[in-house]
Structure formats: structure tokens, C-alpha cells
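We just call them A, B and C in the order they show up, numbering each chain from 1.
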């Protein structure tokens, strides 16, 4: 099976961030970037399928130079090939435009299955996966916790409100994965060495046959970033447990009015 | 483009989901500002009976698409019906609830229609003639204000519990517009083979008004029974931070946080949860937060409205008993 | 002069740190308390290529350089020192001599299992009367038909209890360093047994024992390297080993510092976190400075080694400085923890117990000073 996995490099969620002075983004200096957590599960799923059925795993990313590290990490896990779409025109791209570009990079690969993480932890947008499916004209399944391959179709599990849905999807398809679908492996040292030796194919928009006019405008624009609203300083209730509990219930009823 | 604001209605067991009412309420306010109407779009099989409630909750128009192939949500069927309708009617704005189906569908529609799309919206406003939304980013360490371009369709996927549902007005009856559906089964490339309810007696976390949540401080899976009792007394849903899920104490659908669900209840009671940023990302939008933790330095206290530094194994039974007393008094 | 880690090195660091933090750190206190050898973790390390970091991939190793080895050792030791000792001995004292001095047949036979930790290796040099003066060892190896027969007792053998493969140094010739040869033995060789198992101050997860050789018969093809050239093997092996121990010491020092910082930020006295008091801040500043210095010395030694140049002096300097830093930093950390630094529920006292061995094994600080002096004075 030829499997394509889309990956993204994102800031480490552990680290604090600083909003830029102009409010249009975050300060990148001093940030640690890591592969998107959900993408690691997507790569792992692809590798497991390859180990069972044979085939190749190709990684694709779009972004600035540092995005290649997400590719290296996936190659070190065991992926075979990597494509890095890099073009200044992408700086201003919204998710739909980005998906259009990624679809153009993926289309020639004749993938039997395209996997993505269900969302990226920097913006939590969860847009690119299904949008790629639309641009490729493929069926989709999102936030999948289990994936089983059959003949020409896959059976997946999805968590919906209060239930688990079992969905059959005909292949080829785009599937976005939820955590819990697998446990991602650590890259081994030989894997890291192999990744170092594997050339990454770099593509510009022109290489993909896309001119600036082909993408269409970005239809959403970031006006500004602000820190989250400071919560009002709360109160610590002190005293004997029974008294503290009684006081809490009183406050919830009379002050917060939630009971 | 019309001045109408559309809401994609979601329904379960013959009634619209609560999030639909929340979005209709906001749509009313926006439509008034725009000088347009509120339309609700509902797809299903035998969904006509939903129109009444949708009207009562704010819809002026209900676009009704009824067809056996729409009985359950599938990407292809719903997109095939909704996309041409939207392209033809050109609403000013389409609101979709952030549910499993909504998140699956919205990007597909946006790509097909080349629409502007913003997800996880915590506010939807009009500002100097533009639709502007706010949404959390970077594990809730920043709030983004995002504006849509004015030319072209706009889709906002809205978080639950952000807007209050309006009171129903039974006198309001909507104009029902049937949407003709010509769907071929072969065009629908996914098939729902089964739906197994997760055996939980409470409201889904993302819709709950009150959530009782447990962390590593509970020490073991059996102690979630303490949370269950408090939740029953409160009529609340039960959730957890990530460590209990990682340790296998509770299933993944309990998880609240960066790698789990984002919730916005009126009241969030955090028991034995330290308050790591990844967890706060999922619940810091709660209106009131109560924290119970034996460590006075736990970061959760910095976001708690009310904090109790103490042993939750002592506090929880006392709290449950007090709530039961209160509820009995309120009922009597 | 490039001081940043390369992309591969950073990936190695991120990977090992992630593994150590999620798989090893949660077990650290238990491993210290029970002295349990964790075969499941050894297996995982083997699968990741970390038990034979610089063994080429063709023999099942990680195929990486000495700087990578430093990174691996430091990240593992930061989480738990006992396991890092097991890793260090397997890498430096077993895989290395096997790879550099073994015949092709020996390499093919032993390296894949060692590098992937299907079995572990150990290094038998020290004896009851031969410690720092290793060349005075008394274990003998005499020829007997087409066998070697070894007799003697080796002590303080790290990994000795679990290891399947042993590198044993025995006397085949005259007195002193020129009469020593190296041999490859396997558990199960007749006349080889595990003797007394030691109870140590720290690094409890790592076993330390006696290996007793009573007319132990080894086939002739078990000679490692040339006859009577064994001492060179032992010393060459220690150069790499010392770089590994230096990194281990840095990991322990960093554990001590990071735990002390976390504690100092939370512990409040006189109305403030103690991290706001200058006395504490200066201790932490000194810890950070010395750890940074130790790391630069260690990376430099590794870099010189990777250039294929002699690095005995650099390795000794790194090991001396890093191990003394670890001991000093761990002591400071206990002090920062105050009363809690003395209590076994808190990690500070374990770091102190673990740090001490780094000043002793693979050449005591005194021996390191001897080696360095000889090089500097030109009398090496």
C-alpha cells in the first residue's frame, strides 16, 4: 500500500509563548518546535500498515525551513520518503489554501490512503485534512480511533457525541486520526541515521504547477492575538472540612448562582 | 449575498441538539444587526417535525432536506445537499456547531465552496461590516481575533456552551422550504455500519452545564465512584484530566484538555487535578471553577474561583451530602 | 567553531529524553529502592539502538558517533543512574573492545546480540589486590591444548550478574602491563561462575559482583586481539568509557539541579519561595555553570575521539571534572532540600548516593589526575 502522511511542525505545547508586539503572531525566537502530536500517531499507523502489507510511506509537509524537522522525525520512525513544499507565497495562506497546495503535492503520489493527525496543536483548526480530501475528490473519515483495512475499503471507529460510530470508507480515502488509535514508536538510532541520509524532496508552488493566481485568496485573516482573559483571582476557603464545604455550597448558590 | 444568517441544525432522537439552540440564539442577534433573517438547515429522514422547535428557538425559515440517505450523517451526502443550496442562496454567514459531524463537514464545505472558515469559535461578532470571530490558540495561551473577507461565503464552527439558548417562543412558526434531494447511493462513499452508545448516564461533556472532573489525586479507578456520586447529586457530567486516561483508569472519552475535549460549563469542579497547562486548555473557559487539591501550590488554584486545600477523600463525601441536602430543600 | 548540536543530535536528544522521561523516570525511585534489574527497559533500549550506540548498523548497532553517545548517556542518567551504568558498560566496555579488537568472526558472533541487548556484556579487570594498579592483576590464562584455561577472581564487575558475555583480562606473560591478554567468555563456559553480589551505596539497579574463574576453559578463538596486548585494549576501552561516565555524571548533576530548582520554586519560607533567596540562587548558578563547563569538556573529548585522534587526556579531564561536579551538585541539592534532602521520599539523597561512584569507577579521580599530569608534563 502506498500511504501518504501529512505532518506539521508546531511549537512545543509545554513552553510558554510570547505574543509579538504587533499582536500578529507569536515570538518564534527561543521556541522549541516539535512534530505535531497527532501526526506522530498518523505516521505510526502508516508504519504499522506498511509492516503488515508492504508498500511505502511518504511524508508531506508545507512550511518554512524548520518544517523539515517534522519530516526527519517521521523518517527516523521508519517512513521511506519525504516531500517539503516550501514557498514564500505560503506565508499568508489560510488553511483552505494550504490544503489546496498539499493536495497538489499529494495527487501525483497515487496514495491508497492519506493519513493526517486530526488537528495541529498550535491552532486546533482541524481543517486541512478534510479540505485535502475535497481537493483530491476522495472520501474522508475524521478523528478515527481505530482503522482496519479490508478489500477496497477501511472500517474505522469514530467517537461521536456519547457514542462510537463504526464507519466503512471506500479507499482511497483521507483519514484523520485521533489519539488512542495506537502508541507511537520512538525513533531508533539507526532510524535517525537513515533519516539523515534520506534526501528530502523540496517543491515550490511552481514545481507543483501552481501559479500565485491558482490558489485563490485567503479568506480569513488574523487581526490580532491577545493573552487569554485573566481570570478573577479566586478565593481559597479555609477551615474544618464540614464548614468549608457548607461555605462552598453557599457561595455557589448565592454568589455564583450555579446551584 | 443575502443578509441571512444560517444555522446547520443537528438533531438526535427527534429533537434538535442543544448546540443548535445556542447557535440560533446568536444567529437571531446577528441577523438583526444585518437586517436579515435566520434560517435553519436541517437534514434527515423524517425530520419535518423538527421545524416547530427550530422555529420556536429563532428560525424564520427552515430549509428541510428529507431523504433516506440523510438518516445518518455522512460527509458525501450532507455536502452534496448543502453545498449547492448554500451556493445558490448565498447566506451572509453559516454557523455550524463544533460536533463530530460539524467538524467533519465544515472544512469539506469550505473547500468545495472556497468559503472562509474559522473553527473553535468562542465569539461571533460584526465589526465595521466584517464578521469577526475569536478563537483560542496555542493550548489556550492566546486568543485570536479572526476576520472573514467580505466577498465570498463565511462558515464559523462554534464551540458549545458559548452562547445561551434563547427561550422558546411557541408562537413563532417558521416558513418551511423543502429542499429537493437527488442523491445516488453510489455517490455516498461512506456507510455507517453501527453506532454503539458509550454507556454513560450523563449528558455529553461538551454539552454539560456542570462537570465534576478527577485527576491523578484520585489515586485509582475505583475512586471515580466518589465523583460519580457527586455528579449524580449535581446532575453533572464526569470528566478527567489526562493522567487517569493514560493510566487506564477511565476511557479516553473522559479526557478534558489539549488532547481531549474542550468544555465550557457553568461550573467545573476539579478534584485532585494539579492544573497543568494542557488541562487548563480544555476547561479554563468554564464560568466558575472549583478546585479541591491537597497541594496549596497546585497551579489549578490560580484559575479557580473557589479553592479548597484539603483531602478530597474527606471533602467529596461531605460535598455530596451537602448538595443532596440542598436539592432536597429546593425540591420540597 | 560550531557549538550547536546538529539536527541529528537534537533528534537523538529529543528522542532519548522523551523515552527516559516517560519510561524510566517514573520507575527511578522504585529501581533504587528494590535494586531491580529492568529487563523490559533494556530490551527497549536495545531495540532503539542505544545499547550499541557506535556499533555500525551492519552489526545491529546505532551507527552513531561519540557525541551521540554522550547525549544518550546524559539523558538516561538524568532519569535514573543505575540503568545508565548498565548502558555505559554495555556500550563502552563490551561493544567497543569487541568491535575494535575482535576478529570478523567474533564480531559477527557477539556484536549483534550485544548491540541489540539480546544479551548484555561486562568487563572483568579489577581484582581484590589490583584496583587502581590494574596492571598488577593476578588472574592467569595458560594454554592447554587448543584451549585457554583461566583461573582467578575478578571483583566489582558491573552487569556481572545478568551479562551473557564477559571481557576478561588475564595474565598470559610476564609481570606488569605487558603480560596481559583479553579474552571473551560466555556465561556457561565451564569453570566460570558468579560469586558474591555486592550491595552498594547507589546505582542499585546495576548489579556488581564477583566473577570466579576456576580452571575456566575457553576455546582458543576466544582470545580478543593479540596475545599480551590486552592491557592496551583495557586502556583504550577506558578512554571511551570515561567519556560515557562523564556524561553519566552530568546527567546525575542535572537531575540534582533540576530537582532542586523545582523544589526551591515551591518551597515557601519567610513568606516567599526559597528560590528568591540569594543563597539558593547562587548555589543554582554555580551548579548550572559547572554542569555547562562539564558538558563542554565532555563534548570536546567526544569530538576529538570522533576525529580519530588520541583523546586520553581529554577523556580524563572530562571524567574528572564532571564526576566531581556531580558529587558537588548533588550535595548542594540535598542542602537546598534542607531536611527533606535527607528523607528517602525525595530524590535528592538518591542523586548524592548515585553521584559518588562516578568519582571512583573507570579510574578514580586520583588516577585521572595521574593520567592528566603525565600528559601535561610530557611524561605520558
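Operating definition for what follows: a residue touches a chain if its C-beta (ideal position, glycine included) is under 8 Å from a C-beta of that chain, and two chains touch if they have at least 3 such contacts.
All values derive from a computational prediction rather than experimental measurement.
Novice: Of the chains present, which has its C-alpha mean closest to the combined C-alpha mean?
Specialist: Taking the mean of all protein C-alpha atoms as reference, the closest chain is A.
Novice: Decide which interface, A-B or A-C, involves more C-beta pairs in contact, and give its chain pair.
Specialist: When A-B is set beside A-C, the one with more contacts is A-B.
Novice: Quick one: chain B and chain C, Cα centre-to-centre, how many Å?
Specialist: For chain B versus chain C, the centre distance works out to 55 Å.
Novice: Report the inter-chain centroid distance for chain A and chain C in whole angstrom, where each centroid is the mean of the CA atoms.
Specialist: So the centre of chain A lies 40 Å away from the centre of chain C.
Novice: Counting in whole Å, what is the centre-to-centre distance of chain A and chain B, each centre being its mean C-alpha position?
Specialist: For chain A versus chain B, the centre distance works out to 21 Å.
Novice: Residues touching two or more other chains, restricted to chain A: which are they?
Specialist: Nothing qualifies.
Novice: Which chain A residues qualify as touching chain C in the complex?
Specialist: Touch list, chain A to chain C: 34, 69, 72-73, 76, 186-193, 195-196.
Novice: Quick check on the complex: what are the chain A residues that touch chain B?
Specialist: Residues of chain A touching chain B: 11, 13-14, 16-17, 19, 26, 37, 94-96, 99-100, 121-131, 133-135, 139-143, 145, 155, 158-170, 173, 179-180, 216-229, 231-232, 234-238, 241-242, 244-246, 248-249, 251-253, 256, 258-259.
Novice: Residue numbers of chain B touching chain A in their complex, please.
Specialist: 12, 17, 75-76, 99-101, 103-108, 110-112, 114-120, 132, 135-149, 152, 154, 189-198, 200, 204, 206-207, 209-210, 234, 252-253, 258-259, 266-267, 277-278, 284, 287-290, 296, 301-311, 314-315, 318-319, 322-323, 326
Novice: Would you tell me which residues of chain C are touching chain A in their complex?
Specialist: Chain C reaches chain A through residues 7-8, 11-12, 14-15, 18-19, 47-50, 53, 57, 61-64, 68, 72.
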